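What follows is a set of structures for review.
What follows is subunit A paired twice: with subunit B in the first complex and subunit C in the second.
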Partner chain A sequence: MKKIEAVIQPFKLDEVKEALMGIGVDGMTITEVRGHGRQKGHKEVYRGREYNVDLLPKIKLELVVSDARAEEVVKTLTGAARTGKIGDGKVFVYEVAEAIRIRNDDRGDSAL
Partner chain B sequence: MKLFPFLLGALPAIASAQGTPDLAAKVTAAQSAGDNAWMLVCSALVLMMTGPGLALFYGGLVRRKNVLGTMMQSFILMAVITVLWALVGYSLAFGEGTPVIGDLRYAFLNGVGSAPNADYAGTIPQQTFMVYQLMFAIITPALISGAFAERMKFSAMLLFMTLWALIVYFPMAHMVWGKGGFLNAALGGKIPCLDFAGGTVVHITSGVSALVTALYLGKRLGYPHVPMKPHNLVISFIGACLLWVGWFGFNAGSALAASGLATSAFVATHFGAAAAALGWVLAEWIGTGKPSVLGGISGCVAGLVAITPASGFVKPFPALLIGFLAGLFCYLMVVKVKQRLGYDDSLDAFGVHGCGGTLGALLTGVFATNAVNDGFKGPLGLVDGHPGQIWNQVVGCAIAWGLAIVGTLVILKICDATIGLRVTKEDEMTGLDVAMHGEEGYILEA
Partner chain C sequence: METPPCSDPERALAERTAAVDSLVECAAADLLWPACPAGIAVLAVGGYGRRQLFPYSDVDLLLLVESTRVAECVREPVSAFLRTLWDAGLRLSHSVRTPAECAELHEQNIELNISLLDQRFLAGDRGLYAAFAERLPRFLRAQHEPLIRNLARLARERHAKYQNSYLHLEPNIKETPGGLRDYQLLRWLAQLRDAEAPPLDGAFRFLARLRCFLHCRAGRDYNALTFEAQDEAAAEWQATGPAEWMRDYFRNAREVYRAAVRELESSEARASSLFVQFRDWRTRLSNADFTVSRERVYLRVPHSLDSDPELALRLFQFVARHGIRPFAETAARLADALPRLSDWFAEPQPVWPALREILSLPHAPLAVASMHETGVLRAIFPEMAGIDCRVVRDFYHRYTVDEHTLVALGVLANPCDQRYADLLSEIDDPAPLLCALLFHDVGKARGNGDHVAASLDLAMPALARIQMPPPEQELVRFLIASHLEMSAAMQARDLEDPATARDMAARVETVERLKALTLLTYADISAVNPTAMTPWRAEVLWRLYTATYHELTRELETARIPSAVSGFTAGFPVRYARTHTPAQIAAHLALDETRRQRGIAVEIERLPAAFRLTLVTDDRPFLFASVAGTLSSFGMNILKAEAFSNQQGTVLDTFTFADPHRTLELNPTEVDRLRATLERVVLGRQDVRQLLAHRPKPARVRVPASVSFDSQASASATLIEIVAQDRPGLLYDLASAISSQGCNIEVVLIDTEAHKAIDVFYVTAGGRKLSEDQIAALGQKLQHACGA
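And then the complex of A and B:
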């Protein structure tokens, strides 16, 4: 099993979600986060006081899929989240040791 | 008003023809009903400026952890000043007394009932006049709270505001508006200072006291290195727009009748706000490259402040000019001068109210004309060929500045020596909401 963790632009969430559901991914967890990579922030001015905002709002999306599906899911995800501009985000893929469904103790791929 | 002498002149004929000798009384009652309806609405509008108007405007400008504490400072004054006003405030401001302060003839609202007080407003119950003026006494100290936002103890604030009303506001209101007051232009003041709705009484006193308080208290922890962005400009926007609307009650209501003068003040008020919003936004657009919403709403408030003393004396185009100049001037004071001097007037009560109020009070001496307000004998301002009025305005401003500086310093010393002004460092870091009031403004998981 692989855990796919992606940090994406908030306005891309709906497209990414639809694309993933389109290929049959039926579960994910998302979190509103803030951060930045190479993307520079922007300047805000309130009554003459300047603030550099470099931690920008992002969406972190986590899902766990079977080894066989991982590559396809990553491709779909990056395809849907891409604008081609700096700030699009990143995807990290991890090995998952075990998955357990709390309701009935299913384990492994059948718990996903 | 122009119709009225004609009606009165025709009265004997009508009365004898219809055999109703009480027609004159009925006409008076009809006018009184109209004026009273308008003045009660204006009283409510002026209260709306404090809560929710000012509470939302200031509440949105502070950090999230201080939103309730800031709103509470405005709200609790709606209660505290009301009680104080009923006990002695109204009497100290509007009892005849001395040129500096009123006497206690209306203490405990003695004799303040449905009969009009002809010295102030001959067609409405004195009780209406009393409650209308109360709303001014509420918002004025509330304006100061912008200067000490995010760092003053609630208990110290209560003592400060009570003393401030007694030592600064009631005397100043008496001097400018009370019968026999030193600066009263309509009722026998030595120096007739024109202040239609409170440029000196409300905005200079509160704005200058705000500066004194900000300097005395010192900066907020971490200012200016720690980011202190306004936490919610949306509620500030709603608050500012409520202020704009409420201000019609403040200025047009100061005609104390549903008269042509009220309309004129209404128009001047609106024009002043509009031009000032444009002035500030334009200056900011040129200065920083972007026209901000906060700039727009700050500008409109600056314009409303500046037009307040002039509103019942000036024509629409001078009102536009006063507003526009106020927008530019307050922008410079808030954005450039404050940054350079480095004091921490958290929400710019001085930059907007002190500076805008002074500018407006002085320009009233330039643009006041008896073509707008014929309630005075002779020419009013420079445009009427009476340059001496500018000097009268300077004296009025100087007295307001002086009283605000000295009075506020004394009050701050008293509060500091008794309960202490500032919250502890820990409380300031935690935020006033939890530290002072034991609650939070936003509980999103609830």
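And then the complex of A and C:
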């Protein structure tokens, strides 16, 4: 099993969700996060007050899929989240040791 | 045990109580009395004590023992007795106490003291019970204050756990505000106070039947009214649908909750001596119409509501001004008068001035909530009836539509994010914004998807009926029509993409409307549920706001009215057309006629809280500075200013100014003198510096000024944005600094907010943008002018 963690542009969330549902992935965790990569933020002046906007609003998406599906899911995800501009985000893929469904103790792929 | 039918709750509760009584009595006769014929009695307490045993509720028993020594002796027979009842299927909770223990205050476990309020003798030593029964009332009388205080504290904690709202989409009908626990609370408070409990028989019957239904449905003590349970309950009650049936639930819960809050407030008020002093002081707020007493407002002559329907509006103005709710009796009088009030408000009436005042006062949300509670809001706007307790079933909304609207008003009155609080202080007249918020979701009553169009259909005739002036109506219409657009852009648009700001700017057209729409969006999202407005979302909305704001400031100079439009306004910034009504434009055209004959046209008019100067003349150096300086020399305080010029060099300046010394108000001839002086100064017949020589020097400036230049913002001019501490003559000093550098002021937008001046100038030098050297030199001069 693989855990796929993606930090994407907030306005791409709906598109990414739809694309993932299109290939049959419907379980995911979504978090509102702030951060920056190489796309550094900047200071903004509004009416004489300076607002620090170095941390940009992003969406973090986490999902765990079977090994067999991981590549396809990453491809779909990046395809839907891409605008080609700086700030599109990143995807990280991790190994998952075990998955357990709390309700009935299902393990492994069947717990996903 | 067999469960009785749910449709007749009173019978069901009584029957189960009787069945349990006989079980307990039999078990006691078999197991207790043979072993211990005296010194022990069995009492029913809590819900069982008051003969209200729901199908699967716990059975609360109190085993009253003469002494701790007796308690030791009866340990064995008592556990055999309890075991038998357990085995018979009862969920028991019991305690063993001596009469002395029962007459002690248990601050940590006040529920024990409270359960005795419903005690009832079942079986055993009558002598022992008689002694206890004699002692109990004395104890309750002596300790009623701490008991009430603790009871109120527990209730407040419970209400807080549910956000102090009875309007939850999946309520727990026992614990949620307005549930059975609150009904019981009212009875306990009345009992402790030796007073009559408010009659809530209908609500109790509804809730009791519902609890029986939920118990029978789940086969256990289960009190959560889930969506599935709502579907089944609606069928059981033969209602049109679950949403309709839930409105019944909410109306009953509302009745109980309001009564509970009233009683809690009065309990707490009695407990605080400081409060009594404050309350006595507040009674001085009484006037010819209203009396204030015990932190409530009464109508002095209640029946005058019949002849004077506007008294209802004045009452809520009073509420909005002082934050004091109407007394229950007054609310009842209003309820009686509702049919007549509805008839009166159904006719077109100039209600808007009174409503605007209510919406502009500090306690507007409380006033609107009281208007909603008393039904007066629906009398004024029957269009609102459809959202009363209206349920919208989805994962995000925690509240019914009417409650969402009231919560949103509360958020708007007091934004907890400082950026939005500041933005609110920049709004001149918040009343149309609040009014838009009041109506933004009324269309949800129709339940057919597009609630925006439905809200507009309902709102616009209502606003015409209360005779809201057309410009305000237009603003409200715009806000309702666009109320989803910023949140849609937050979700689906790239905020870094300039097209997002451009599209939003094209939609809102003016900075004023942008601010109002941003605040409306902030309040609307915040009121979806208590955690909906995360700091993350507040940040995203703010970024959308600032990007659009900068876009609008940028286009101020760039976007011009095309020359195909009538001569005078052609070449003015498009903002001119967006911020002026046809009547105002016609008046400006008339002024332009005068200018053609006399070289200048000046008009001074009085506004509700300020004056407005409109001036049309040919552009010349130092023009804007001269006008600003002349106003300052008369002691006037400039609040806002705009200067527009067209291609022919005709200039339209408008200044909104306050008259802090009431010079113009008390001396009407001074208006003529001001007008004449302005004409002389503008036409170069008098030197403004001489006029200003006599004015006192302003105080030292405390806040550092910010002066920023932007040559990218516009194609043909340099943008200067200045934020500085406001003082008399500031605008004159800034404008003359710009003019003395040989720069021409193309467009000006001046605003003030709480001692701070926010000035935007678009300037050119020799028809072009400023060079780096010119910027450096002018920057120094402006900094110096700010600090003068």
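Keep in mind that, in the parts below, the second predicted complex is superposed on the first by the 109 of 112 C-alpha atoms of A that agree within 3 Å, B and C clash if a C-alpha of one lies under 4 Å from a C-alpha of the other, contacts with A are read in each partner's own complex, and residues count from 1 in each chain.
As a working rule, a contact is a pair of C-beta atoms (placed from the backbone, for glycine too) under 8 Å apart; a residue touches a chain by one contact, two chains touch by 3 or more.
Owing to the predicted nature of the structure, the values given are computational and were not obtained by experimental measurement.
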Contacts of A:57 with subunit B and subunit C, given as first, second, both or neither: second
Partner chain in contact with A:87 - subunit B first, subunit C second, else both or neither: second
First, second, both or neither for A:71, with subunit B first and subunit C second: neither
First (subunit B), second (subunit C), both or neither touched by A:18: neither
Contacts of A:9 with subunit B and subunit C, given as first, second, both or neither: second
Partner with the higher number of touched subunit A residues, subunit C or subunit B: C
Partner chain(s) touched by A:32 [first = subunit B, second = subunit C, both, neither]: second
First (subunit B), second (subunit C), both or neither touched by A:106: neither
Subunit B and subunit C footprints on subunit A, overlapping residues: 44-48, 51
In the complex with subunit A, residue positions of subunit B that touch it: 224, 227-230, 287-288, 290, 292, 294-295, 298, 334-336, 338-339, 348
Partner subunit A, residues of subunit C touching it in the complex: 419, 490-496, 534, 536-537, 539-540, 542-543, 546, 549, 705-706, 708, 721, 723, 756, 758
Residue numbers on subunit A that touch subunit B, as the complex places them: 44-49, 51
Residue numbers on subunit A that touch subunit C, as the complex places them: 9-11, 13-14, 32-34, 44-48, 51, 53, 57, 83, 85, 87
